[in-house]
Amino acid sequence: MSERIQEECGLFGVYSDTVCDVAQEVCIGLYALQHRGQESAGIVVNNDGNFRTHKNIGFVSEVCTQDAVKKLGVGKIAVGHVLSAYREKEDRISPQPLVMRYKKGNMCVAHNGAIVNAHQLRSELEVGGAIFQTLCDAELIAYIVASERINCNCVELAVANAINRLQGAYSVVIMTHGKLIAARDPHGFRPLCIGKRGNTYFVASESCALDALHAEFVRDVEPGEVVCINSEGINSIKTHCGGQGAFCAFEYVYFARPDSVINGQSVHMARQKAGEILAQRYPAKADMVCGVPNSGLDAAIGYAAASSIPYGVALIKNRFVGRFADQKKIGNSEYSESVRLNALTSAVKGKRIVLVDDSIVRGNTLARIVKTLKDAGALEVHVRVSSPMFMHPCYFGTSIRNRDELIARRMDKEGIRRHIGADSLGYLESDDLAKLVCDCNMGLCTACFTGEYPVEVPEVEPQSKYDRKLPI
Amino acid sequence: MSERIQEECGLFGVYSDTVCDVAQEVCIGLYALQHRGQESAGIVVNNDGNFRTHKNIGFVSEVCTQDAVKKLGVGKIAVGHVLSAYREKEDRISPQPLVMRYKKGNMCVAHNGAIVNAHQLRSELEVGGAIFQTLCDAELIAYIVASERINCNCVELAVANAINRLQGAYSVVIMTHGKLIAARDPHGFRPLCIGKRGNTYFVASESCALDALHAEFVRDVEPGEVVCINSEGINSIKTHCGGQGAFCAFEYVYFARPDSVINGQSVHMARQKAGEILAQRYPAKADMVCGVPNSGLDAAIGYAAASSIPYGVALIKNRFVGRFADQKKIGNSEYSESVRLNALTSAVKGKRIVLVDDSIVRGNTLARIVKTLKDAGALEVHVRVSSPMFMHPCYFGTSIRNRDELIARRMDKEGIRRHIGADSLGYLESDDLAKLVCDCNMGLCTACFTGEYPVEVPEVEPQSKYDRKLPI
Amino acid sequence: MSERIQEECGLFGVYSDTVCDVAQEVCIGLYALQHRGQESAGIVVNNDGNFRTHKNIGFVSEVCTQDAVKKLGVGKIAVGHVLSAYREKEDRISPQPLVMRYKKGNMCVAHNGAIVNAHQLRSELEVGGAIFQTLCDAELIAYIVASERINCNCVELAVANAINRLQGAYSVVIMTHGKLIAARDPHGFRPLCIGKRGNTYFVASESCALDALHAEFVRDVEPGEVVCINSEGINSIKTHCGGQGAFCAFEYVYFARPDSVINGQSVHMARQKAGEILAQRYPAKADMVCGVPNSGLDAAIGYAAASSIPYGVALIKNRFVGRFADQKKIGNSEYSESVRLNALTSAVKGKRIVLVDDSIVRGNTLARIVKTLKDAGALEVHVRVSSPMFMHPCYFGTSIRNRDELIARRMDKEGIRRHIGADSLGYLESDDLAKLVCDCNMGLCTACFTGEYPVEVPEVEPQSKYDRKLPI
Amino acid sequence: MSERIQEECGLFGVYSDTVCDVAQEVCIGLYALQHRGQESAGIVVNNDGNFRTHKNIGFVSEVCTQDAVKKLGVGKIAVGHVLSAYREKEDRISPQPLVMRYKKGNMCVAHNGAIVNAHQLRSELEVGGAIFQTLCDAELIAYIVASERINCNCVELAVANAINRLQGAYSVVIMTHGKLIAARDPHGFRPLCIGKRGNTYFVASESCALDALHAEFVRDVEPGEVVCINSEGINSIKTHCGGQGAFCAFEYVYFARPDSVINGQSVHMARQKAGEILAQRYPAKADMVCGVPNSGLDAAIGYAAASSIPYGVALIKNRFVGRFADQKKIGNSEYSESVRLNALTSAVKGKRIVLVDDSIVRGNTLARIVKTLKDAGALEVHVRVSSPMFMHPCYFGTSIRNRDELIARRMDKEGIRRHIGADSLGYLESDDLAKLVCDCNMGLCTACFTGEYPVEVPEVEPQSKYDRKLPI
């Protein structure tokens, strides 16, 4: 199994002024966001208040078959979700979106991120008689919104009030009978943007999903903003806007798709810039600059351009072996890594190689890759990492192993270099991160590199929640 | 599609004093209770507080495959459920048991029946901020129990307190970390009994499930009783016991399996007795007594014995065409009925036949059957119905079409006779019902025959709930 | 696992003069013939020479879903098949019909029975360069027909010529571009009949399938006859007709559906008559006559009528536990039998019972049933078997265990009585068989009772073929 | 739907001297060869002459699940196959390997390529009484080998003799009780190589599959060679070796994986060289060199290196949208292209781009891509094609549309340039092909570029075979 960091979830919503095949639009959107989560997929279609749901464990291509999408029927509003749930047992996964009935009718919630005070909020609600049928924060958000709705006269206001109680990272898309609501936590940890095509509005985790649907990018949802789309158009509640932004730096480094533009910053350009900075900071005498596919490729191009060392290919990735789900199918055989990634011997033999990757978590995968290249005849392998040293756990929706698994907590840079077998090793500095994202219109969360958390975090580590005895 | 009345759900629970393959025991129990519901099946296994669930739409043989049962692993306690949901669209079905987390940990609920004040209770809870993720009463029961649990110090007491708020028919099986709880509403509308094999306890909707597992029948759960099985054995809370029993007469007439003994009364014997009474009340000059398979067979045997007319077979039922689910697969073709039931021409030709069926709802199916027999050469067909005229809707867990569909509301007996094409027609009288169940230790609910409802019922008809715009 | 004898396969064909939904007609026909085989199902539709196939392992309800039937499209001719393959591993099953291309175009073959000289014919063909992709005799028949077709000028003549080379039991349905052909071996071991509805012709293993489709029974295919249906109507080649018929007696005893009429004889009436003869030959002082469901019920009715002992029910069969396939799903648990069949204690207790079954193979199942009844309180159990003692293996399409498993070869009647725990035991005599089928217009094969085989049989036992190392 | 050229099939075989999990090894091998065919996958395991098969329509990850692979059990020999069947209806696909019984026992055949005299051979065999159950050439090869086996005393000799009769492209892997045989047609159209790990031998379509299994590349199977691996090691029959080689040039251009080495030539290096030649022949004033992912990337790197224009990324491919199968799932929506490939606006805007692709078939896809780039702000798009103009149909296993669909037959280069909207257009010359593959130890088939076919080809076009009325 790979040791990749895994971000949790992609969101997509459509609001059309006419009844049409909104399910198919969501399906396309989810295909474009599939990189954000491959464990489950789901679509809910709202036809005049009737909510029809299709969701299941699996890839979008497995869950959202043409038959399934067709059965969802037509409507004016629809919401979709892809979920990532690294390390989870399959029977613990709760596919989203969640649909429920509350005081004012039906509500559908899809969520991306992590509520850091979830445990406390759940306890409070349980004391009031609440029952929880899943482990997912979408259910908690639904509860909070439903309880706020009692004291205010519209659901978008209830969402805005809920922000007072919910701490952490939460981009959410909520659908009611006649409204599509999109909101981002006050720090804006996770992305969420708005698009438009004719009279149809879209909300999506990333702009690449808008491109897939030939929709125009309108703008990002602001940190703390509650956007409500209904028959009267778009309206916003901005009472929680204006604070200190803390957008997840790892979105630029690894999670997001290179063709997305988030908070004004092209993801590809940020990564290419990271390669350029590495080339300046850690030059190397080498014959070829290569990236670890696919996450290191953009930075490798930047390194090659800045260093004038030719860009090349050292590793071929099997595109039929999915990141996580398919690897399970291969099993824990000794070949699960070599079937995924193979050295391009003819290109590598006798060469000095600069190898760019986006990050190092435990270092074991990278050690195997360096060994593969050397076995294939590479003379030298100079590793360059397009992010700072990764030393602190994430509480905001990223499934990162507990801190003891982070190699950067156990070794210094020289130790890591030896561990991975590289001839030299260079990381970005955390100060460099700001330089990557010159066009970004908000601050970054760099907690995993610096340990400076934008919000108070619990003392227990986040991933432990799945070890508690909980219902599915 | 058949116009059969459809009872909702079968319940099964196991409590073992050692960790063992409780999932397999539940699976066997559900096979034995499959006649109570063929729309979905589910099993939840409790291994020291860890709840693992497998449930889905389909027959037990489709859902509870050996692979699926094996993956549930071992445990000490387990609960299973089969669901009947006549008239429901597939995407409205919520398979049970329901698993949730509440104040004191995990809870699993399975339910059989119908809460008549569900709408009011849901509204009250929604005003308090509750959200509902399903249409099923098990979720409502879980909420009520969870809220009662706040004010008392054990879950069985919370269940007992919940009885004060829940009106209608509800046999429930509830599982927590260390307890298996079985309860029956104060009228005891639906069956529930206790069995034992060695140190393993069982609760089941019908005793036939105990037989399948070689377990000894211990006793029925009493109306209003809350039975709690844990490491200390069986204990009961009987604060709601002692009221007027109202066991569903239709369980004896049609729903239950003939080899079950409920409230001390053999189901087969009740049906055979019905045939005997019909023979006395409505004798016929005939060559052969036959039953409509399978529900009319027991009463036909009684009629034959009492009348000394030979028992015979007039209709062959295709045992590979399931009652509802498989018929959907055949489609609405003109052959859906003839593939299900065929006349035995060689036995029927030139004969005068007494044909016994358990009930008449709309009368269309029976009309087709009588025509089939006459087409096959039957000289006369004398229909005898082993229940009274069915005139009033049921609010207690039986999916009966709205009252306008009941033929007995639109026609008198002679009209019905002509409609079905019979040469004579005889029904039981509602007074006869008590005579069928001489061994039954409690009163009967005969509301669907008499209109006398044991509890106050809502003005809207029960089935309309599915027409509201609700989440799945 | 049950020790039931298992007959192999049901055949169905349609020829319509207009392009229509022939796939749906075949589907209905297969539902009606499902009792003849539950291991696989298949349909081939011929639309102007284009053959579309859908076949798979499973029940008709699992394989021939509405989606699958719809995808087969329309046509004028279609063939269907259900297969029984008792004792086979799933990966050895070859669902039929088989479709192939031969000298003159496409051909589709479905087969019921067993070719006794298959091994020799295969060897001869292999010497000529033939390859075999399955174990099924349909493939062999296709080869023989294809090779005969070279020397004659129409396919129906090739089929007639093939009869010279094929020995054993083979009812076959063959479809070519423009023809539907039905043939029966010269002894007529297995049934096959012709039906008609308007301008649509049907061929079916049993008449019950014609009833399901509202078709009129025309006549049986004669032993040795080759019937050819095409745009010119029905024509026959009768060069192999007129020999000594040898219709499988077990079809009347057990295999066929009671509502079928085969060779002029009602199956139900034959079974009822068997009960009457048993009542005369082996009277008993008893309170109730019961059948082992479902195969003993008809004879029990005959016994009851002839003896004037009341007919009753002693055993309830779970109709959701299929004969073979579902039992695999339950696994080899100790409850696999009790979940399938339960004693009706209230009816049985304190009673002397005549229990009628159709046959005894190994005797173990019947021993368990007798024990179940005695455990339930039966005072005496008098077993009556509606067939003679079963002592010789079948080479004609019945999966019967090797001769050492037949209890009647190892014990005399008294020994069997003790083995099964009965208070008395009575079998039919082989001479009685002719009396059961007074209306039958041909002779019977009684080889399994008498050892007198109508055709020469190989020295090796038939079932051993599956133990050879063969491709799937 | 893409208009990609589609090569047919990947082969894999294992021979181990001990009984082990050969199915898992084949599974890994098929993952590595998945790019050669995504329509079906299959594995046959040989355990001492018992052949167990698992094959189905779908990706390796869908068909060869861990459960399925486990059920195949252990053995010493196994064969696997992935099939490509572009344009085929799903019900016409016959997954391989094919298993059959012939004169000497069981035989398993897997094939890659196309027999050009298949029609004639089939006709001859049909005249001899043969029947064909599939459309696939593997069945034909099995027939020919089986018939040759009659006149010689071992199967490998029969394979060698079969070469006399079989014309066209056929790399085959054949398995018998104790042998694994690999053969390549005398022209060596399709690749096939031998590997070794310890005492385990492998045969594979491409060397990348050997790498995945940590096996050492031994050598290519020679054109015309029949390799036989059994307990005595490797032996060869080379009676058909030594002729004029004609290896498919398109394997280097597009079909094969870049990390494979075929006939001594690295595929990646051939493609990179193509880019270098294009840079010399068709220089461009541009800011960035990009490839159409994934097939144009290697040549783009070569162009960039030779031209000193920076290498960059212009298009992001959605790696979750498979080449063919997944696109069907998306449907023919207007977004099927944009969800697959998106322009990287931030990198493209205001730039002059050299866009390298491997070939142009109809030109429509490339036209859309050029438009996408221009819409994203590209100032100029200079298209370079790393193969010559594609003008002639292929009869050797490549599913290429009929010649009228080839844009190069309808337009000259300038016409094509205008059609695709490029600012300039450059192709390789057919003379250049030899320069790409300096290390290749045999001749190339360049028929699709030059019309010079190495063997006589039929007058009808190859793809028409699927339009004939044939069985599945």
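Note that the chains are named A, B, C and D in the order they appear, and that numbering of residues resets to 1 at the start of each chain.
Here is the rule we use: a residue touches a chain if its C-beta (ideal position, glycine included) is under 8 Å from a C-beta of that chain, and two chains touch if they have at least 3 such contacts.
Quick caveat: nothing in here was measured; it's all calculated off a predicted structure.
Novice: Suppose each chain is reduced to the average of its Cα coordinates; what separation in Å results between chain B and chain D?
Specialist: 59
Novice: Whole-Å distance, chain A centre to chain B centre, using C-alpha means?
Specialist: That pair's centroid distance is 48 Å.
Novice: What's the distance between the Cα centroids of chain B and chain C, rounded to whole Å?
Specialist: For chain B versus chain C, the centre distance works out to 36 Å.
Novice: If I count partner chains per residue in chain C, which residues reach a count of at least 2?
Specialist: Expected reply: no residues.
Novice: Going by the touch rule set out above, what shape does the chain contact graph take here: line, ring, star, complete or other?
Specialist: Here the contact pattern is a ring, one closed loop where every chain has two partners.
Novice: If we use the touch criterion from the header, which chain pairs count as touching?
Specialist: A-B, A-D, B-C, C-D
Novice: Can you list the chain C residues touching chain B in their complex?
Specialist: Contacts found on chain C: 24, 27-28, 31-32, 34-35, 38, 59-61, 64-66, 208, 211-214, 257-259, 261, 266, 268-269, 272, 294, 297-298, 301, 304-305, 310-313, 316, 318-322, 326, 328-331, 333-335, 338-339, 342-347.
Novice: Enumerate the contact residues on chain A facing chain B in the complex.
Specialist: Interface residues on the chain A side: 48-54, 71, 91, 98-103, 105-108, 122, 125-133, 139, 142-143, 146-147, 150, 177, 469-472.
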